[in-house]
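Pasting the structures in now, so scroll down.
Common to both upcoming complexes is subunit A, partnered first by subunit B, then by subunit C.
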Partner chain A sequence: MGQSTVSPQEAQGQIGSAAPVAGAVPDGDCLLSVENLQVEFNTKRGHFRAVDGVSWSVNRGETLALVGESGCGKSVSALSVMRLLPRPAASIVGGRILFDGCDLLAESESGMRHRRGRDMSMIFQDPMTSLNPVLTIGDQITEPLRNHLGLSDQQARQRAVELLEMVGINEMERRLDQYPHQFSGGMRQRVMIAIGLACNPRLIIADEPTTALDVTIQAQILEMMRDLTRRLGITLVIITHNLGIVARYADRVAVMYAGRIVEQGPADRIFRAPRHPYTRGLLRSVPRLDRVRGALLETIEGYPPNLYEKHRGCHFAARCELVTDLCRNTAPSLLAYEGHEVACHLSDRGLPADSKPVLAGGERELARSDVLLEVVNLNKHFGGAGKGLFSVATALHAVKDVSFTIKRGETLGLVGESGCGKTTVGRMILKLESASSGDIRFDGESLITASAARIRDLRQRIQVIFQDPYASLNPRMTMGETLLEPLTQCLDLSPKAAQDRVHELIDQVGLLRDVKDRYPHQMSGGQRQRIGIARALAFGPDLIVCDEPVSALDVSIQGQIINLLAGIQAKLGVSYLFIAHDLAVVRHISHRVIVMYRGKVVESADCDRLYEEARHPYTRALLASAPVPDPQIERARQGQILQGEVGSVFSSQQGCLFANRCPMATTECHHINPPLEEIAASHFAACIHHPAVVNQRGSAS
Partner chain B sequence: MIRYALGRIALMIPTLLGIALITFVMIRIVPGDVVELKMRSDGGRVTQQQINDERTRLGLDKPLPEQFYLWMKGLVTFDFGNSMWTGRPVAQEIGGRIGLSIQVAIMAALVAVLIAVPLGTIAALFRDSPIDYLIRIITIAGLAVPSFWLGMIIILVLLTFFKWSPPVTYVSILEDPVKNMSQLIWPSLAVGYRYAAVVARMIRSSIIEVMQEDYIRTARAKGVGEFMVVFKHAMRNALLPAITIIGLEFAFLIGGLVVTEQVFNLNGIGRLFVDAVIRNDFILIQTIVFLLAIIFVSVNLVVDLVYGFLDPRTRM
Partner chain C sequence: MAMLTRSFNNALLFCRLQPLGALGLLIIVVMAGCAVLAEQVTLYNPEAVDFGAMLSGPSSEHPFGTDSFGRDIFTRIVYGARTALTIGFLSSMIGCHIGAAIGIASAYHGGWVDLLLQRFIDIILSFPIVVLALVVVAVMGKTMVLGIDLNLVFAIAIPIIPRSCRVIRAATLSIRTQPYVDAARAGGYSTVYILLRYIAPNVIAPFLVLLTAYIAQAILLEASLSFLGLGVTEPKPAWGLMLAGDSANFYNEAPWMILFPGLAISLSVFAFNLFGDSLRDWLDPKYRN
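And now, the complex of A and B:
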């Protein structure tokens, strides 16, 4: 970081006179420009270059989105701007970062400290861990005000009250004295934004600001951020992997892959006419709400390169379908091309037209006739921990009268936001949790009354795939051992037969057989999840409960896993209970979909019907909240943002549980508990106003 | 908070009752009793009749449940009985010595915390630097060196190099603070070193962990200076696990006094305890164990309350 100090004037002059680095195209009104940034990491595993000659810039008042998958260097390049890279592991080895003409890399540490929080703020991904648990919210918001602006405690508190009001938190005075654990995730992110806005910075960098939040809350937070930054004239850099968010909020986009920018330019152009095969693949592999089910998702095959190894050519070469020898040997530089910049040797050749791969045998229409799983009026109460010694325990009614059936070879999508009870339903079917009342019948046999020995047998036929493929694999066991264990322990296979079965399973999930000697930390997220699937398949189950199986994975990998699951179903006729919060993912794999809200089923229908003719206001709100990766659709859409939060699960509320957030709620709704009615053939909705809910999503469907 | 504390105090009763019962039974499983020891060791000829009379006088002939009941009844009414060996009231035997022991324990704890917090913090902040290695060597030595050995070395060093030995008779700190301190500082150091080593290592690892938390990055992103990042944002969080260790070790310390008091020739509760065990002085053993149990449980209660004070998440 030993660059010579460059005065603002000189720096401006340099940029103005000649563009020293391809890619940096600072206009006159450029606030921040990153030029040829290089960041290296030294870790125990070795040495790698996380950011390799990256240049991007953002103009005053503009919103730039840095897009890419995990490990592509988008967060690292943003943290470099704040000079907050983890030390001593990471070091900036080259490039310049010009903020309002000043080279931030030449700035002293104390100079940077004065800028952080005053000139530029950062909002981080996980609001649950980004606030200090032992300090009050008030203290945390006022800290930069007292540090940077020298406000007195009284003035700072006054300003904090204003800030909380700005970010939509009520009862400001009382809330200031509370601690982070007394806030919900969405509220904590609002607090983070309040901290970011405190000193009226010129730049806010938001690193995956809504990834940890529910869809409806995500929409609220993003709308609020956009309104506030526009109103206050703040320049915004959003880092995200969600192309829908980019389409809705960004003016300009920079797409990163394995430490380099592959394409950047105005959002409209990038979405309409992507020139880089990676951008193109990414856009195609996003599961979309506005695309019908049936076809396989397009995916980018393979995995991102291992940056610990040296790569001479284009980092994307190994996964690119257009790859040439030139790509393998020479890294392409970022060159201007029709209003935006692309780093691809073949950018002038054009990309092949959209092709829609379909599953061999066309639409998966298995004989979905006989019922495999029947859930009847399932309920679950959790005994809430009583406060203190003598108080009465409060019960949490997590699942309320849930009923559904799954046929053989069918996929049932179970959708809802966190805390809606969807995972608890899955756990009860797996008998990891006992039901409070109701019945679960598997292949005609009640799981509730079955003996423990019988349940052990049935467990082989009901398997599970978990959300976090890393946490659910034993770190001390190789993949081979993980897969072998159930085969030798429960099926009494001979070592030879078991070994063959392991190979068969590994083939089935599309991995190479040598993975069986690897440990979980030696594999990527997608590969681990494939092992998770192989393990679930080991017994040849009839039903697999998939609990958010792709939500921890990158977009291009998500598609691969969904296709794999669909292919396995087509081949083996296994049924899935597919639990997810992402409606778009569910649409791609499910035959029927159930939407849950606060423990109750609010709507259920055949898949396409639900997406086209949702009749419950909550389902509609969910659909409206999830942004679609297409700027035109997003711009055309009126803001239908669901207000409020889910609310306490402990409160025993009268009437419809959704009434307090529902845009259509009337007084009746607060008194009548709406029954789940069949409003059309096999389409159920629990809303007394369902006839009035008409399709308003015309533009997107 | 108060309700929580009351609840915890209520839960102490069954714990202490259990400890009392186990102690009571354990010392009576060992063959022999104080009467035989006292009379036979005198060397004189004793008749069985005399032994039986003495047992009756001490209440040792009563059935065990009744003995236990009488002891419990005594405890509740603060009548702890008389030592079976000296015949003096137990309260007096303990009362005269407990002050010294508690003072050594508290001073050792203070020494430990005063050394451990800065040492652990510095080691964490300069992780993997020569300073860190030095501190780690010092602390690992503290774990490896037994405190009685360290005590002997301290005395030897004082004698050989300074031609000085600490005073032998105990004076209360209220009477003569200088003399009191010059006697008790050495055992406190000897015991406190190990204590400091344990706590410093805990603080080091806990600061290292906390410094990687997201909220530390948030604090830096707000432009908080590095000093405040460590002392305001990291320290309070890092102290939470350390406090549990400080509490547990404090209780451990009281037990460890048995050895230390021998080395420094201090007439404290540890000494008394050893004598009581040698003499099979049931009443005295029981009462001391029970007292230590009360201290142990109370210290842990205090730790939990402090924890609640530092960590709002555990507050009711």
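And now, the complex of A and C:
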């Protein structure tokens, strides 16, 4: 195609010179523009407008990020471009989509089929389900080449080899004949990208391309996507909820809220001087690694509007601090201000200075003596010797010699990538999984040797909050029944006392009492998670195992839940085992943090110390891979990313498990199994090179 | 009284939200009513032979025509509803419930219990349905209670058990791993409580579909057994028997001999399916706003 790559500076220049007209399309080199798009959904529950007059455009060679929370219409507006909306539920009721000057909505279905995969291709979120499991990778990559470009089998295969090389997969010839299950998640996403690139498309739409991947793999994939699109002059539209990714990779940003665009413009401007209160709130509520840790996170209070109901005014009005009567009654239109576009009645007045300064130094003090939970050399094998008649004996050593303690009123953060065994540790403490060896002592009493009757009593004192707030509530029970159950089943309260307690619990988690009669599907994610917390509290526990409690929630809701958990701890003195993959979230709530890798603890330290002076190379790679929502920091940052992928959990590897990915590994590392050593006061790391880590860090800075 | 008005209101709401289900229920109620009041709604004796009216087509005297013995087909269908509905409903209920209980227990407990139960189920499954029912009937003979052969009911219920068990086991396996079940276990509730409150209500959807589908299967199975002379025997009227008997010899001369019993079976199956589907949606809080 031979388009020249447009640098972000040039792209900005074009926006800056655009006339300040509502919904203005940047002139000149526009490849795709969506104009006043309206999409409606007809579902069993009713009728709603998922996308309500949305306009965005992207120039050739540029990277646009569509940002917003779940249900804001970002995916729907991108699927409309591909004309892949679910039928008959969704229908486009208005607007135009111009691709290279040609209206895609007027295109015939066969014309669209011709374009998909050839002019424009799409990369989906979940690489595990978007490849066909019964076809080889080679078949799937060559498919578009044979269909769209009419290449012969041999030509197509040759091109497939090139493509695999381009996306960084080695041993291309051999890999082509393998099936998707022989690839890891990150590798599958590379294959998806190779398929997307196959016909040299002019546009790639990537819908949350790395959300299902671990943070170190995410960094690899995004770096690669950016390099490829720059090199080949491909226009990229990334749909994401992660502001860090936006800051790192996008030239321009469109922020969506409840079916409308609230703000769009060059990434630098949006991050530096957001004008819409929602954008600003979103940027502030992200827990960040590069900022001082405050006692409370800033949040946007309230929940997104229910789109089944009609709203007259600004969709954000109900949650906005600056709301006026005008906002409640008239929807603002998107107008240009100083190089970017904002849909807010108050944008010309500018936003007031930070109304809620970050509370620093409000550290919760602990009486650090009383040990509540002690985990000693905990191990877990799955499978093991074949139990059933025909099962194959494959031992999976999921948790290896894990030890830690949690004190009363303390939060212990347990961090690691998927499959590192962190959830299994939590499940063993909850007795949902039995330990293979080792001991768990709760309040001085061993959970391993306790009788079944005793376990039933102890269970009330160890409670759990799950990741998916929807799946963790019985869909056939109302919230009132869910909360009443522990009170009448386990605590034997009288009906009257139980009712009062239910009200108290609902108040405690900040919900209105009328949620009592609702079923899970009638509430939003954040509300469900609050009920999940209330259910755990109903038992009056001493310890709550929080298994990724905020990772399924939107950014603006995440902060609310973390603040709620912190507040409950301050008031009731419960302890948390906080399991998560997001380092920034863990940092915010934990007193101590443990990092796990492939079943082993690699580092543990007090929270602030770990983030400031991480000693293990894996911890440091994790910290470096997490993008921060600030374009200046992100662009200055060298792409210091971890190579390779997490090894198979089945392999019984000698030496340090991290050695094959470690940037500082020596031959010794492959032979010596590093013990967890105390390298400073209550700071442990399992790396034979940890002093060198410090030196390297010292010389680098 | 308050309970009465509430259930009446609920019934009204059901009719409004699930009109098709209400139609199904209406058909079932009419059929059941006919079965109970058979003497009142028919003019003839179902077993009375009338060689003068042999193989006569539908007319004002015989709305559905007569069979090769001159018996009135409408009368025989009405009386046949007794057999069909009782045997179909009872055996499907018994078979599906036992199957579901085994399926839930097997899936929830897992391990060797699951292994043993499932192999036992495999053994039952390996017999063809008719052969299995045949053996049961042949071994157990007849036990008549209120004009219904109970052993026939069991003979039809037994082949339903493994089929229902398989489906419910699969559904339970996926429900069992849901976090809300883990939450209940972490709450220290007893296993029986979890099974009744958490697992059973969440497998009700496939269960109701099974239940209604197997009512139809049971009616057909009863027909096959009757055809082989092991179910209901002549001259007692039964839908399956009417289809299977010597009506096949006369399908050219007297197609009504097959048509009307066949319609009766289809209509009852259709009604049960309609009602079952609506009941499933009705019981799901997601579809009841």
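Methods note: the second predicted complex is superposed on the first by the 651 of 701 C-alpha atoms of A that agree within 3 Å, B and C clash if a C-alpha of one lies under 4 Å from a C-alpha of the other, contacts with A are read in each partner's own complex, and residues count from 1 in each chain.
Rule of thumb we're sticking to: a residue touches a chain if its C-beta (ideal position, glycine included) is under 8 Å from a C-beta of that chain, and two chains touch if they have at least 3 such contacts.
Since the structure is predicted, the reported quantities are computational estimates derived from the model, not experimental observations.
Asker: With the two complexes superposed on chain A, say which partner A:M82 touches: subunit B (first), subunit C (second), both, or neither.
Answerer: Touch status of A:M82: first partner only.
Asker: Classify the contacts of A:D457 with the two partner chains as first (subunit B alone), second (subunit C alone), both, or neither.
Answerer: second
Asker: On the A-aligned overlay, A:G117 touches which partner chain: subunit B = first, subunit C = second, or both, or neither?
Answerer: After superposition on chain A, A:G117 lies in contact with subunit B alone.
Asker: Touching A:P133 in the superposition: subunit B (first), subunit C (second), both, neither?
Answerer: first
Asker: Quick check for you: in the superposed arrangement, does A:V93 touch first (subunit B), second (subunit C), both or neither?
Answerer: Neither partner.
Asker: Output check: A:I195 vs subunit B and subunit C. Expected answer is one of first, second, both, neither. What do you get?
Answerer: A:I195 contacts subunit B only, not subunit C.
Asker: Across the two complexes, what residues of subunit A are contacted by subunit B and by subunit C?
Answerer: 387-389
Asker: In their shared complex, at which residues does subunit A touch subunit B?
Answerer: Subunit A reaches subunit B through residues 82, 84, 86, 113-118, 121-122, 124, 126, 129-135, 143-144, 147-148, 179, 181, 192, 195, 387-389.
Asker: Within the complex, which stretch of subunit B touches subunit A?
Answerer: Listed in rising order, the residues are 3-4, 6-7, 10, 212-215, 217-225, 232-233, 236-237, 310-313, 316.
Asker: Flag every residue of subunit A that touches subunit C in the complex, lowest number first.
Answerer: Those residues of subunit A that touch subunit C are 44-45, 387-389, 427, 430-432, 455-457, 459-460, 462-464, 466-468, 471-478, 485-486, 489-490, 519, 521-522, 532, 535, 539.
Asker: Give the list of subunit C residues in touch with subunit A in this complex.
Answerer: 111-112, 115, 178-180, 182-189, 193, 197-198, 201-202, 284-287, 289
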